[in-house]
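Below, subunit A partners subunit B and then partners subunit C, in two separate complexes.
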Partner chain A sequence: MSAILTELNALVLGLFILAAISMVVIRQIGACMQLFILQSLLLAASAFLLGASPLSWHLIALGCVTIASKVIVIPWLIRSLVPAEVHRRRELSQAIDVPAALLLSLALTLVGYAFAQHLARSAPSLSSGNLAMGFAGLLVGLLLLAVRTEAVPQLLGILAMENGAFLAGIAIAPDFPLIAELAIAFDVPLLAFIVGLLTRIAYRQIGTTEVGALSALRERAP
Partner chain B sequence: MPEAVALNLAQLAFVLALSPLFAGLLARCKELVQSKRGPSIFQPYRDLRKLFGKDERVPEGSSWIFRTAPYLVFVVPLLITMLIPVLTSFPLFLAFAGDMLAAGFIFAVSGFFFTLAAIDGENPYGTMGASRTRMVGFLAEPVIIVALFTVSFVANSTIPYIVQQHWVHPIANFFAPSHILLMIAFFMIILAETGRIPVDNPSGHFELAMIDESKALEFSGRSFALIKYGGYMKFTVLAIVFLNVLTTPWGLAGDGSVPAVALAAGAVSLKIVALIVAIVVVESSYSKLRLFRISEFLGGAFAVSVTAMITQLLHL
Partner chain C sequence: MIVYVPVVALVAALWPAIPRSDRSAPIATLAAAAATLALCFIAVASAHGSGELLVIKHWIELDSFGALLLTLIALVYFTASLFSWGYLKSERRPQRARLYYANFNLFAFSMLCIPLLAEVGLVWIFVELTTLLSVLLVSYSLTSEAIEAAWKYMVLTLLGATIAVLGVLTLFWALHSGGSTDFTWSGLRDGASRMPPALLAVSFVLLLVGYGVKIGFVPLHTWLPDAHSQAPSPVCAMLSGVETSVVLYVLLRLRGVYATDAALHVGTWFAVFGLLSVVVAAVLIVRTHDYKRLFAFSTVEHMGIILAAASIFTPAGDVAALWQMLAHTVTKSFCFYAAGATLLVTGTREISAVRGLLGISRGAALALLFGGLAIGGAPPFAAFLSELAILRAGIAAHAYALVAILAAFLVLAFFGVLWHVTQMISGRPEAQRLHPRMPAACALAIVLAAVPVVVLGLWIPADLGRLLESAARILGA
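What follows is the complex of A and B.
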């Protein structure tokens, strides 16, 4: 792999983890979605860069599938399913406050780094950058899932975890069978569809999408 | 040796002569963006001349700190000017007297005494502004330190002249992720340290909301002029560190001849104008953050700088 591609891939990785961390701290739900789209684009860019030399059609196909599903279909699904006023809203309460979440996500990034250092010693041929940032992205996505109380950012948390797993995956298995990629490409929009639908119903029934506040079941007479 | 002295004097003259102009330009550009005419770009010079000619008043009961702080605020940016590459890309004779950490410490000295002087002036707004400046300061500190760690990891040095050479030899270094992320983090720090908009509103006249400005409320006459001048020069020096050392180390004089240095002065001015335009864009598109949201802005800068360090440690 030529030096300039490695350098560009590294830049993409840095921006990828930055997008993941920004998703944890940003308050606007619409902006969180845009960051997710950016993160998915960066994942695709990393796949293209790794697939360019040595040429790997699997990785390039993976990049295209990522763009199709995560940049186009999923945002469209969420936008059309979840009422527009939810996107304009700010999330005022998180489970922990923003600076603490920020520090936690930085700590998780360091964990990802330590993990990759460990693995890189046993398998020096891997792209340790992708592995580290992918694992860190997975953990930060998990944090996003944990600290957010609104439904849409939580869904984006699951998807961001998936992005992180993919970023690590393209370093471990560059010749991933295409059928698995396609399966995931159909699976993930389905997930977005179901959660989006649930959010829509919840919003219509109770007027909020703050699922973090839904802690008790109540039976109501029909 | 005489050439080195002349070059150093040229650098000092550049900062002394042009920093009010940059401040005026920044204010004027901002007014233009807001569809106002705004004061002339030479207004800071007129303000300074007027203030230097005025009588000075000192609050009753204030101590020597109040009287000496303006001089420190004025002198410190000039000291830093001698440590950093302003016009030349080759080191001058004070280049190895202090590195970027030292520059940070020297800035901290003037900041510390200015804060003390604001409290010494016994104006409640001054005290409030002082404590707020300290808050912004200690939140910005970790970012600066991690960013400098990253610089020293990358370039194996924190001497500005060496760091500056490292980014462009070879040119691939310029596009390294740690470098790009460092630029973002430092830009955010410059906004915070010079009191620009997401953190502080430099054109605000409401004392309760002031951070940086309110510290100078009790100063008058020559002291006030020195503090204003020092503020202009601080902005110019930080801009030069950002542009010449960290982001775009081009356009500096390679030798000490007069045309080369004159050309470098023009190039550096152009770069500062470009930075001013960027700052105007940021200032016009964001609103000032609430005081307790500032920690989030600087926390973001911290995240960026730590990411820069990790990508560097991964040898990406």
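What follows is the complex of A and C.
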């Protein structure tokens, strides 16, 4: 990989983790979705950069599939399934406040970074930066899932975790047989469809999309 | 031949799309399930004869371990289809019933594919599909509780799947670094010794946690009692009876890969997760207030027992683990039919609200008692023999602490289940309440599901015995 491509990829990786952290701290559901689209574009960009030299059609195809599914199909699916009113909502009842979430995200990024450095020493990969930011992206996505109670941000948390896993994946398993393409092309939009459908059902049947806050089911004290 | 096994379910899933198929959808589902079971028996017989059945090398393969799982899935698919027919008879919204059957068959399809697949990446996709294709079945009743259960089920198991995908990618990285790209069960076993230990360790932890969420190991089990109790009872039978076992099968397949690195202490991890699940589930069984949750906690317990048996790492322990898997599947699906019948005639899931069930519906009461005894591990039922085999394997391997903890909490869980069940069936029923009768299809499903529970407790057919031993050899390889 040439120096300029490596530099560009590093920039993309930086923006990727920044998008992940912004998703945790931003409260507007619509803006959270925009950030997810940006993050998916950055994932595709990293695949293109890693696949440019030496040329890897596998990675370039992966980048194209990512754009088709995560930048076009999934946002369209979520917008058409989830009522528009939900997208305009601001989520005020976050489990932890913004500075704490920001601090935790930074800590998780460092953890991901340290962990990946340790791993990268044991086997060669296309880019150790991808591994580090992929792990960090996965952990920050997990945080997003944990602090939000609204349905759409929780879904975006899962998808952001998946983005993190695949950002690491394109560097550590660039010639992975079939699965990555299949998973992104078929599985992930199906995931968004089912989650969107359940959100719609919740909105219609019980009048809320704050599904993470439902807590009727638990063991009562005897 | 074996390629057609899941295809039949896929065809049945398309059936409800035909207009005015309200009446034929349950029959089509039942016919598909019966055909799947018949095809399975034929496929298993030929896989058994030749040792391994290859269809498309590296992609679709069936060995005896897969064959065992395939048969279990087909068996529960069949009885659950029959039970669904009766269970949904009172459904007044034909559109919803059709959606149910379409979704139900798709769910069966996704599970039937897993034992047939040899490519580890594809297996991951189908494990995720089992979640996606069953979420809307869990929320079927559309109550606030069902939607909450479906949401928790979906979010937590998809979270697990995402952690597992990173584990799968890391495992591929490890395989590739060792100079191989054959990402199949056999390819992994062959390449395991050349994998960098650090990558092997990381992928092990990621896969144990990722798949562990879906299997329901404590402390990753929180979604399980909710989803397995809120779903319609035939779906509970599929979720509790086979879905958990199918994912555990994937984890057990990987055991051989990780066992090559002694520094990983796979046995210790399995023993700790297994025993923790048994201990916590046994306590929760005693404390629970809902009889469907009772059986769901019992699933957590049984997954723990199987994992603990697999931690012994002896041929006898492996046979006992697979035997327990078999006993769990046939018994737990039966228990959920019994619970479903009880729910149909009483209309409540609360243990304290059901009294004098024997006077309300003799069939439901006897089924519940039978199920309680069988799942608790009382003789002469299937789970008794398998649990005894696990304890004996543990003693033979000098794993005394494991055996002592297992035995103590098996007894606690047994009395917990029986205490709740006897409370429900005895006493005086609430006066002047009209209770609907149990539909004939449900009664027939209960009778059919009871057959293997009794038979396998008294006698293991020679062919089945050989299949178990051959599967255990693959597990131990």
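As a working rule, the second predicted complex is superposed on the first by the 208 of 222 C-alpha atoms of A that agree within 3 Å, B and C clash if a C-alpha of one lies under 4 Å from a C-alpha of the other, contacts with A are read in each partner's own complex, and residues count from 1 in each chain.
One rule holds in what follows: a contact is a pair of C-beta atoms (placed from the backbone, for glycine too) under 8 Å apart; a residue touches a chain by one contact, two chains touch by 3 or more.
Values in this document were obtained by computation on a predicted structure and should not be read as measured data.
Engineer: Let's test your reading of the overlay: on subunit A, do subunit B and subunit C clash or fit side by side?
Structural biologist: In the superposition, subunit B and subunit C stay clear of each other.
Engineer: Which of the two partners, first being subunit B and second being subunit C, lies in contact with A:Thr109: first, second, both, or neither?
Structural biologist: first
Engineer: Report for A:Ile21: first if it touches subunit B alone, second if subunit C alone, otherwise both or neither.
Structural biologist: first
Engineer: Can A:Leu197 be said to touch subunit B (first), subunit C (second), both, or neither?
Structural biologist: second
Engineer: Give one of first, second, both or neither to describe whether A:Cys64 is in contact with subunit B, with subunit C, with both, or with none.
Structural biologist: neither
Engineer: Per the contact definition in the header, classify A:Ala52: touching subunit B only (first), subunit C only (second), both, or neither.
Structural biologist: Neither subunit B nor subunit C is touched by A:Ala52.
Engineer: Let me test your reading of the model: by the given contact rule, A:Ala183 touches which partner, first (subunit B), second (subunit C), both or neither?
Structural biologist: Only subunit C is touched by A:Ala183; subunit B is not.
Engineer: Now for A:Val73: first (subunit B), second (subunit C), both, or neither, which partner does it touch?
Structural biologist: The answer is neither, since A:Val73 touches no partner chain.
Engineer: Quick one: the Cα-centre angle at subunit A between subunit B and subunit C, nearest 10 degrees, please.
Structural biologist: 150
Engineer: On subunit A, which partner touches more residues: subunit B or subunit C?
Structural biologist: Answer, by number of touched residues of subunit A: C.
Engineer: Shortest C-alpha to C-alpha distance from subunit B to subunit C once the two structures are superposed, in angstrom?
Structural biologist: Checking C-alpha atoms only, subunit B sits 20 Å from subunit C at its nearest point.
Engineer: Indicate the residue numbers of subunit A shared between its subunit B interface and its subunit C interface, in ascending order.
Structural biologist: After superposing on chain A, no subunit A residue contacts both subunit B and subunit C.
Engineer: In the complex formed with subunit A, which residues of subunit B make contact?
Structural biologist: Subunit B residues touching subunit A: 172, 175-178, 180-181, 295-296, 299-300, 302-304, 306-308, 310-311, 313-314, 316.
Engineer: Inside the complex, what are the residues of subunit A that reach subunit B?
Structural biologist: 3-4, 6-11, 13-15, 17-18, 21-22, 25, 98-99, 102-103, 105-106, 109-110, 113, 116, 128-129, 132
Engineer: Under the touch definition given earlier, write down the residues of subunit C that touch subunit A in their complex.
Structural biologist: It comes out as residues 119, 121-122, 124-125, 128-129, 132, 135-136, 139, 142-145, 147-152, 154-155, 158-159, 162-163, 165-166, 168-170, 172-174, 176-177, 181, 183, 196-199, 202, 225-226, 230, 284, 287-289, 293.
Engineer: Which of the residues in subunit A come into contact with subunit C in the complex?
Structural biologist: 118-119, 121-125, 134-135, 138, 141-142, 145, 151, 154, 158, 161-162, 164-165, 168-169, 172-173, 175-180, 182-183, 186-187, 190-191, 194-195, 197-198, 201-202, 205-206, 211-212, 214-217, 219-220, 222
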